[in-house]
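Notes to accompany the following structure.
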Amino acid sequence: MSFNSFGKAFRFTTWGESHGPALGVVIDGCPPGLLLRAEDIQEALDKRKPGTSKFVTQRKEPDAVKILSGVFEDDRTDGPRTTGTPISLMIENMDQRSKDYSEIRDKYRPGHADFTYDAKYGFRDYRGGGRSSARETAARVAAGVVAEKALAAVLDAPVNIRACMVQMGADKIDRNNFDWMEVDNNPFWCPDAKAATRWAEQLDAARKSGSSMGAVIEVVAAGVPAGLGAPVYSKLDADLASAMMSINAVKGVEIGAGFDAAALSGEENADEIRMRSGAPDFQSNKAGGILGGISSGQDIVVRFAVKPTSSILTPRDTITSQGEETTVQTKGRHDPCVGIRGVPVGAAMMALVLADHALLHRAQCGR
Amino acid sequence: MSFNSFGKAFRFTTWGESHGPALGVVIDGCPPGLLLRAEDIQEALDKRKPGTSKFVTQRKEPDAVKILSGVFEDDRTDGPRTTGTPISLMIENMDQRSKDYSEIRDKYRPGHADFTYDAKYGFRDYRGGGRSSARETAARVAAGVVAEKALAAVLDAPVNIRACMVQMGADKIDRNNFDWMEVDNNPFWCPDAKAATRWAEQLDAARKSGSSMGAVIEVVAAGVPAGLGAPVYSKLDADLASAMMSINAVKGVEIGAGFDAAALSGEENADEIRMRSGAPDFQSNKAGGILGGISSGQDIVVRFAVKPTSSILTPRDTITSQGEETTVQTKGRHDPCVGIRGVPVGAAMMALVLADHALLHRAQCGR
Amino acid sequence: MSFNSFGKAFRFTTWGESHGPALGVVIDGCPPGLLLRAEDIQEALDKRKPGTSKFVTQRKEPDAVKILSGVFEDDRTDGPRTTGTPISLMIENMDQRSKDYSEIRDKYRPGHADFTYDAKYGFRDYRGGGRSSARETAARVAAGVVAEKALAAVLDAPVNIRACMVQMGADKIDRNNFDWMEVDNNPFWCPDAKAATRWAEQLDAARKSGSSMGAVIEVVAAGVPAGLGAPVYSKLDADLASAMMSINAVKGVEIGAGFDAAALSGEENADEIRMRSGAPDFQSNKAGGILGGISSGQDIVVRFAVKPTSSILTPRDTITSQGEETTVQTKGRHDPCVGIRGVPVGAAMMALVLADHALLHRAQCGR
Amino acid sequence: MSFNSFGKAFRFTTWGESHGPALGVVIDGCPPGLLLRAEDIQEALDKRKPGTSKFVTQRKEPDAVKILSGVFEDDRTDGPRTTGTPISLMIENMDQRSKDYSEIRDKYRPGHADFTYDAKYGFRDYRGGGRSSARETAARVAAGVVAEKALAAVLDAPVNIRACMVQMGADKIDRNNFDWMEVDNNPFWCPDAKAATRWAEQLDAARKSGSSMGAVIEVVAAGVPAGLGAPVYSKLDADLASAMMSINAVKGVEIGAGFDAAALSGEENADEIRMRSGAPDFQSNKAGGILGGISSGQDIVVRFAVKPTSSILTPRDTITSQGEETTVQTKGRHDPCVGIRGVPVGAAMMALVLADHALLHRAQCGR
């Protein structure tokens, strides 16, 4: 019943509430000897840090990570290296403003976990959503950095994991404009410059009107060798589906052609294979790099849908914990499109799932 | 590294290959005292049994289940009752025709796991796909029957789990025609009689041309109380995503509004709440019955996309295990739309996930 | 809550009752490519098979094992080889004589699990102890054979696992007479020929008087490299303790000097180290080959105490399931010293724990 | 591969090294609504705190615990209550004196994990034993306090868990002098006042001569209802064996009569049952409160043997990490009898195992 752990071989456990003293993650099973500096993790955290643009919550959090265990450096090592024992990472909460939440202490915000947490546990830490807050994803991003290092070490080759937003609201990118270089040039991690411009206007309007928007994120892993994953309940795609669906506000996950595959004919869906310079060369990637739950060596392609942020200024009908009808309007600081911050989290979850399967594969098959 | 097990509290492990002597499942953690007869399981297996219509593989399998352990009946019990010890269920394979598969022994069928199994394990049982065959889902359906009984016993109330096909190829049902009563009246478990008629023609054409079609399945659980599920990595929707994605040929999973949620505004997506006869009454169900990973008491709605069967008669370019280019054409007996048989499997997985979470919730919260 | 599974990486699940149709085991995570014939397993099962001498139960069981999944042989393999998918092994129960047990249907046999099973589950399969019967250990011995093969393959070197009985009743062997060659020359797997002679008389007397005797078993694994095991809760000795204590009738487990270590001085307990032909050479083995939960490269030495068989002919005071005072006398066929059959089981558990840790070590440390 | 986690339903993960910035534990699966104050945990930690007598290490550690997550208090709760989300506890290391350890940086101390950690991980944090230090047990004691609260809440009745030292060196207590009231009157948690006096002299002599002594600890749980535990690999005694063997320096574990059971006749070993005031009344407790791996309602009695502290001033032969022969003499601050501090740790492990099984039993059997 490790409700807050993920992974079998590269296993991590996150803890912490939005307005508690801190949040963190403990990683167990990490290979020894990996160079791991707090700066490496900090760099990734800064990318997802709140307050970086008007399109994300204005909560000011340094998100400074501390490595509390699992690394050791002495004059014989060139830096702090993982020891093979649990790696404990902690991020202290600074800018909490609990007062912001007093109004919704007794009101169930539609689309939020307020109602279900009370139904399950009898009461809840209502400050900023407590455990259900997107703050928890900071711990995933931190763990993801360790996972990427472990993955590269185990495979003895780098895996290139990238993520981007391919749809905001109903507006999808134009695949002809797809350019990974564009991703860092706009606040949406959008690979289509034109779409990014449109989205800025749309989201600004939504933000000003106190509304919010949804999005679709795509995560691509290149350089994953064939053979990672396992039948039947540890399929690589099954674990990826679980990993992405566990991210706040995610309502759907698909691999490769995904839902569109339902409309393809058997002929269209078959990724034919030729040989090129002595290696199998797939002519298409409808499968998204996974066949029978095992990686094929092609790019692994996962997309997930993020619902619009549930915290909106428009008053909504709801009830109180005492069962009285009322309306609620969520003030406080919120992301008009929480999907934006889902981009680095999706990439981190991909790294964590792949590191886990790289270790599992090495255990069973020795490679 | 239990690759072939699923569930934390209600845990099952499946085993067996398509053309081995038998396949089966071992269920651990089932509550004691449940009435369990082989006939109850057989009834469910007969529903998914091959050979029942021209739209599913003509392989003739009685799929007769044997209960090998975990139940006991004597003159003080009114029938075989679960003892709380592992329930072992076995289904022997009868109609195997291994010769059918000799031709593809060395050829990798596009869209199949042939290539990836070889890449992972070094060799494979190529007969009928071995472990990657949809035969494995018979064990899930058998386990699902036990799960439904356990779920009703733990909740002390029946949960109504139903599944249907809502899209075949590109052709979706008309939601205005949705009628659960129709589901048993056609070979597609389609709730829209008109769509079923269209699909029959389309699939017959695909079948005759040696092609195949994909589909989208919807599974709905009614009567699930609020409170099942758990943050963060054991969210009910995360486990459902893993469960459905683990089914052969599934490429996408969504909850409630799913991918469409990305296009909704925050206002549209918020399921407002009123009171009705003393209980919370949600005005819509965009969330699909799950908030923050925990059930809200509304219907739990899951959809998954099934790709077209990869075994088709049309020759496709591929390579051999020796790396020579060739073409392959899959003869043998196959489902023109494997999604059809995914319907009872999806319902079984829903029962298994809910039974698991009902036990987990009782463990932690005592209800 | 996998109550009936053991192991993390090399994981097995046993099922079956003493008087059900069959019992078996499913092994998950086994490396692919291992040669595995039913005969290999049968040979080990025959060693522990009931009815082989007057000192073990006269129940006649062929204990014929069937491999139901997880192996594949074709003209390109030299025999059935493991495929990396679950290995399902089944042993059918033949000689059941349920009538023998009707008398104790309502009576709780002192020292047996009758009372506690009823207390936990509300009722029980009382035939031959149901799930609590030593019959379950047949599945462990079968799994142990696969574990030994996996262990040798992963370490790329054979590990020599041997077990023997070092004490029966209060009578211990003389360590000066210790000779592994003697173990197969007597029905007690006793390494001291003189002790074996004494034990034969003592046990015969106990058997004739309807009594029973306890024993101490020693299991030694030679050839285990340094580095297997892990802090803190997966220590090799912690897993061995759990493994041995899970065997029926075991009441104590110790490693190396074990309980005697409490009486040693720090100086006496320290296994000093010298170098011999370039390798560390320990001057003693008080540690039993494990330091800090990790193997040191020395012999791994485990001992466990088995209580006298609880099924005795002498009438004992007890109560019925209805709470009436009565006496019980266990007829039926029983081992006068169940410890005898614990010898191969202990060796099997050692193999299973070591195989598990060999895979875990390879996963994390790549060797 | 959660090497550093323990428990299935009440699951905790410890992290931290002896000389890192901090150590801690994350508890997952704890029931919600339990009153939990840092003071409650602090009280238990103070009991095992170093430096309390001349018989334990003089390292000065406040061992001040912080609750970082999993509890919430507002004006509607009477104090901080568990929320059902992960409880993160942290203890910062203060008095580290790393210089003390520089001398043994390259030398393997006999009886320590220095050699095996290097063999497994390639290098190690040698400061104070790093992860293998008894410092880790502080996290267990902290988690044990939460476990005791959870256990009482789940059983809706208090369980009285007590531990004491019953043997130091070769000197056992006299069972006729056994008095729980004496346990807090001496630095050994010894229930026999006379023995405590003898031990003080013996240990003082050992301490002055730079030697060390071993011990045997007994843990007794009273008030545990019948029914906790489960066949076959989650037997209550199997989990207790693993729990106790995972404690530093423990070399043996036994339940009830333990190793002495081997010398008993079947008649002597049978705990006969009578009725007393309508309840089963066992006439003896050779079983130590566990039959078939399930609690019988009697006192649960576990003993474990602790080897003498490996850190001694007497020079011992050993080798360096470069494979050169040398001698080592462990200065620094050490417990002359580490078993003393094993007493509260043993009690904590008993609470953790029982809480785990209480939740597991409630999950499966609803009580």
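A, B, C and D label the chains in the order they appear, each numbered from 1.
The rule is simple: contacts are C-beta pairs under 8 Å (C-beta built on N, C-alpha and C of every residue); 3 or more make two chains touch, one makes a residue touch a chain.
The chain lineup, named per UniProt: A, B, C, D = Chorismate synthase.
Here the structure is a predicted model, which is why all the values come from computation and not from measurement.
Participant: Looking at chain pairs B-C and B-D, which one is connected by more C-beta pairs in contact?
Facilitator: B-C
Participant: In angstrom, rounded to a whole number, how far apart do the mean CA points of chain B (Chorismate synthase) and chain C (Chorismate synthase) lie?
Facilitator: Once rounded, the distance between the two centres reads 38 Å.
Participant: Rounded to a whole Å, what is the gap between the Cα centroids of chain C (Chorismate synthase) and chain D (Chorismate synthase)?
Facilitator: 27
Participant: Please report how many Å separate the Cα centroid of chain B (Chorismate synthase) from that of chain D (Chorismate synthase), as a whole number.
Facilitator: Each chain reduced to its C-alpha mean, chain B (Chorismate synthase) and chain D (Chorismate synthase) end up 45 Å apart.
Participant: By residue number and range, which residues of chain A (Chorismate synthase) touch two or more other chains?
Facilitator: Counting only residues that touch two or more other chains, chain A (Chorismate synthase) contributes 1-5, 8-9, 14, 29, 32, 84-85, 120-122, 131, 231, 359-360, 363-365.
Participant: Hey, how would you classify the chain contact layout here, line, ring, star, complete or other?
Facilitator: Per interface graph, the chains form a complete graph.
Participant: In their complex, what parts of chain C (Chorismate synthase) are in touch with chain B (Chorismate synthase)?
Facilitator: Touch residues, chain C (Chorismate synthase) against chain B (Chorismate synthase): 1-5, 8-11, 13-17, 20-24, 26, 28-29, 32-33, 66, 68-70, 72, 74, 76-77, 81, 83-88, 90, 105, 120-125, 130-131, 359.
Participant: In the complex formed with chain A (Chorismate synthase), which residues of chain B (Chorismate synthase) make contact?
Facilitator: It comes out as residues 1-6, 8-9, 14, 108, 110-113, 115-117, 119-122, 131-132, 136, 167-170, 206, 211-216, 226-235, 237-246, 248, 251-259, 261-275, 278, 280, 283, 286-288, 290-297, 305-312, 314, 316-319, 323-325, 339, 360-361, 363-365.
Participant: Where on chain C (Chorismate synthase) does chain A (Chorismate synthase) make contact in their complex?
Facilitator: Residues 1, 9, 29-32, 84-85, 154, 231, 359-360, 362-366.
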